[in-house]
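Once you scroll down, you'll see the structures, which are given as structure tokens.
Two complexes are shown next, each including chain A; its partner changes from chain B in the first to chain C in the second.
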Partner chain A sequence: MSEISVENVSFFHGKGTPYEIKALDGVTLNIVPNTITGIIGHTGSGKSTLVELFNGILKPAEGRVLLDGADIWAKPKEIRNVRFRVGLVMQYPESQLFEETIRQDIAFGPRNMGLSEQEIEERVIEAAGFVGLGKDMLDKSPFDLSGGQKRRAAIAGIIAMRPDVLILDEPAAGLDPAGREAIFSNIMEYRKNSGSTVVIVSHSMEDMARYCDRVMVMSEGKLIMNGTRDEVFSKPERLAEAGLDIPQITKLMLLLRERGIEVDTGVYTSERAYEELIRLFKKDTAQSR
Partner chain B sequence: MKNIALGQYYPAKSPLHRLDPRIKVLLALIYICAAAFCKNIIGFGVLLVSALLIVALGRIPFKTIFRSLTPVLFVMLFAVFFQVFFTKGDMLLFAWWKLQIYGEGLYLALFTIVRIFTLIIGTSMFLTYTTTPIELTYAIEDLLSPLKKLKVPVHDFAMMMTLALRFIPTLVEEADKIMTAQKARGADFSTGSLVQRAKALKPVLIPLIVSAMRHAVELAVAMECRCYHGDGTRMVVRKCRFSDIAALIVMIIFLAGIIYLNILGLVYTA
Partner chain C sequence: MDLPFIKVENISYSYKGDGGVGVPVIKELSLEIREGEFVAVLGHNGSGKSTLAKLLNMIFSPQSGKIYIDGKDITAPDMTDDDVFALRKTVGMVFQNPDNQLVATIVEDDVAFGPENLSVPSEEIRKRVDEALRAVGMTKYAHHEPHRLSGGQKQRVAIAGIIAMLPKCIIFDESTAMLDPIGRREVMQTIKMLNEKMGITVIMITHYMDEAAMAGRIVVLDEGRIALDGKPSEVFEREELLRSMGLDVPQCAAIIHRLREAGVALKGDCTTPEKCAELIGRALGGEGRDV
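What follows is the complex of A and B.
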């Protein structure tokens, strides 16, 4: 299982121009293998820049990016192999579709890996299956799909490379609730079957709470929190400093606790909240009887 | 990549940045005339000093200026070569085999360098470095507006130019994003033969064209929603201030001075 770690990395956008911005400032972190890690932060907090360092799209100005303990920039000519192992789905990935058919488009990554035609075909069908695109869809033009389907076809293009680590930058941005749900359940399904490490970048606390095991919080180019979901969400004050908020349902639970109702405050989804409230209600009626 | 998109514009707060763009176009034109008319050694000295003064006024670092001069270096060297070796005069300084170098040739070469240098400083300081492309378009539209009487669609051309300029950064940014996305899928843009590299651009160009079309359609709809139909009754609220007029007057005096020095014909005249 591949492990990404980042040591004291800094990065500048537009270095040496009047538009220079320090996007990352001495970030050190470690993506725990076999988990779903969420990276959250405000717009401009450096989270997209960070994930572009993970697969060698960007090269750090200072510090090192390690994959299984080896510096990915040790051999710059072999950076492509890092990109095959660390699959990055960019923001709005549907803009990268270009082939005549979805089949060919998904095959673009595997073909660059130099696989045999048979292997490519196998991977295309498998990847398309993960994102819920049936075999009948494969010969359609990617430009004839709906927005959500395009997004899923683009994600399949990365999954088909069978990366050890799958990174998704705002995978559900701009989709309706049903589309969001579909994308995330595809990702969860993929993760369950492949056992790979998944990193999700988002600014939606609700998504983080729902799907991630571990959460990292970025603010102004710095990593300010890093831990399990429970550890991070138990400190709403620190999240507020980064201009973020805990999930609404957790807030509700904290308010209930403040009024002296003995609820579990480690609740991040409405389903869990529902169960918790039913449990309290039953306890309550049992006592009053 | 993004710096290219914004052209040469150098954001800063300076008296030159604040000037009315229409005035700056006129200033650039007059300054070019001054550099072209100048024939006199004192005149060239004045030109050189004025060029440095303008750079200082625009608060642009000299490093940036010199970087923009490097492409013209070749032209300068070429001109100098011909001036030095092919000018005949009275002051023979050096002779060897068929090569003869005259004092006049050296003078001319020096003047050529100063002339090219000031021409570039003049245009780039007044126009590209201190004026955003959009401001420049407004200025050109305004200055050409008398042509409207001759039924020249000045406004439409200006609008087309504005839109084209407006979308350069957008498209560059998009091309950048698409290239990154394809690199993440293992696309290779930097190795292989010329044909291979051209082919490698297909995954970038197709999505880029698709998105350019989408932008065009969306923009057209947005413009129509605001009842735009380019009848030229729109206006830009920007009035010339006292400082703008003053700058124009100073520049006209400068041109007059250069011409006056020519008439005096002091010291050496080329």
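What follows is the complex of A and C.
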């Protein structure tokens, strides 16, 4: 079980140019192993930069990134090994498919790890299975797949490296409701079977509320909230302040509170909202009798 | 002939699949849209909604059936290149990816690109560009480089480029899909303004149920046919049917449906959190109760 932590990390985009931006500003955090952690924040909040530091695609300007307590930049020449252990699925990963067949594309990572052909083949089939791509799809060209299938093939390419930590940056962006659902159930299934740690970066508070155990909120390069899903979503006012879209049902609860109705505003799942409202209506009926 | 602004009559369209076999995407579809309407088009991936948009803009032509836009038969065999040009001026289109639509190195040059191609006199172009940028709230970025803008800002520049051609109708093909919540809000407010203040007919293809709830009418496509057509409040009542087509209803509408099933009397439109709060508030507050 691998644990990622970052200590007092800062990062600049375009350092030394007139367009220098401080993307991360003294961030300290710890990804709890064997959980699904969600990272939210609006565009420019630093969330994508943060996850690119986790697997050494970016190097912090200040501070340290630790994997199981060891600084990943202690031996810069061995950074590749960190990338095999911490898999990062970037935004719109389907644009990075480049091989002639899906099979070759999924095999790219394991092949770079120096595995035997037999081991590679096993991993390709296993990873494709996790994302719901059948064997008949493997010899197709990426061009013959739908957008959602391409996305899943790209995710399989990372899963095939069997990383200890799987990071996905906006895995469901641009997909329809059924496609979103399919991607997330694949990820949940993968986590259940592999026991790995998963980090999901997303704009969608509804998805966060549904799938994540822990939630971190980034704003202007700083970590402003970090806790269990309940802890974070019980403070909808703070989320709104950070420029985030709170789940529709949480918004409904806040609107009811504004109307002077006594409701729990820390509600973020449909199930809880239903229970809370039914309780109100039952109480109301009892009183009017 | 008295025609609605857009009249689609029994059109079919197939893509060429493996070995030249046609894959039908639009099947004998008919649809009428009146001038000034705001219509959202919903449907899962592959339902034919983007194909429909491309048919309305003559990027594709139907293999059978007729499409009339603004009184003209755009499927007529004698359509000239000039006619197509005129049509695209009348019906503009904004696409999904904000990075693929901007061509110039300065925002205002990009907005001027369309009218320049229409040979609009230069003083007139100046006026149109300024007005278009003002309409989308991007005036202060007129001299910026498009690639330094946020996704929402890029889409607003793309919209300004369309407005500068003075269209009667704009089709948005998932124009918010790649934006963050703030960008989505900016673009949705712009779309509403185009429709309400400028009277432009809007056809908006989207995957987001809460965006569709803002339209005056929702058309749901399934397997190349129209499965539902009505006001958001009517369409979102059909939760089970929508789910069976791989779609959804806004979260708050789903809650109201469950409460109704449990016997709570809640009458009215429940497509937005504001409307739901109103319904629940009224039911609990005593005023106008039906219990």
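By definition in this document, the second predicted complex is superposed on the first by the 253 of 289 C-alpha atoms of A that agree within 3 Å, B and C clash if a C-alpha of one lies under 4 Å from a C-alpha of the other, contacts with A are read in each partner's own complex, and residues count from 1 in each chain.
Everything below uses one rule, namely that a contact is a pair of C-beta atoms (placed from the backbone, for glycine too) under 8 Å apart; a residue touches a chain by one contact, two chains touch by 3 or more.
Because the structure is a prediction, the values reported are computed rather than measured.
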Which superposed partner A:G14 touches (first chain B, second chain C, both, neither): first
Contacts of A:L145 with chain B and chain C, given as first, second, both or neither: neither
Dominant toucher of chain A (residue count), chain B or chain C: C
Which of chain B and chain C A:V82 touches, first, second, both or neither: neither
First, second, both or neither for A:V6, with chain B first and chain C second: neither
Partner chain in contact with A:L168 - chain B first, chain C second, else both or neither: neither
Chain B versus chain C as contact partner of A:L97, first or second or both or neither: first
Partner chain(s) touched by A:A178 [first = chain B, second = chain C, both, neither]: second
Contacts of A:I57 with chain B and chain C, given as first, second, both or neither: first
Chain B/chain C common contact set on chain A: 19
Contact footprint of chain A on chain B as seen in their complex: 2-3, 6, 10-12, 174, 177-178, 180-188, 202-204, 206-207, 210-211
Contacting residues of chain A [partner chain B, same complex]: 14, 17-19, 52, 55, 57, 80, 83-84, 87-91, 93, 95-98, 108-109, 112-113, 143, 157-158, 161
Touching residues (chain side chain A, partner chain C) in the complex: 19, 42-44, 146-148, 173-179, 203, 206, 243-245, 247-249, 251-252, 255-256, 258-259, 261, 270, 273-274, 277-278, 280-281, 284-285, 288
Touching residues on chain C, where the partner in the complex is chain A: 44-46, 96, 148, 150-151, 174, 177-178, 180-183, 207, 209-210, 246-248, 250-252, 254-255, 258-259, 262, 264, 273-274, 276-277, 280-281, 283-285, 291
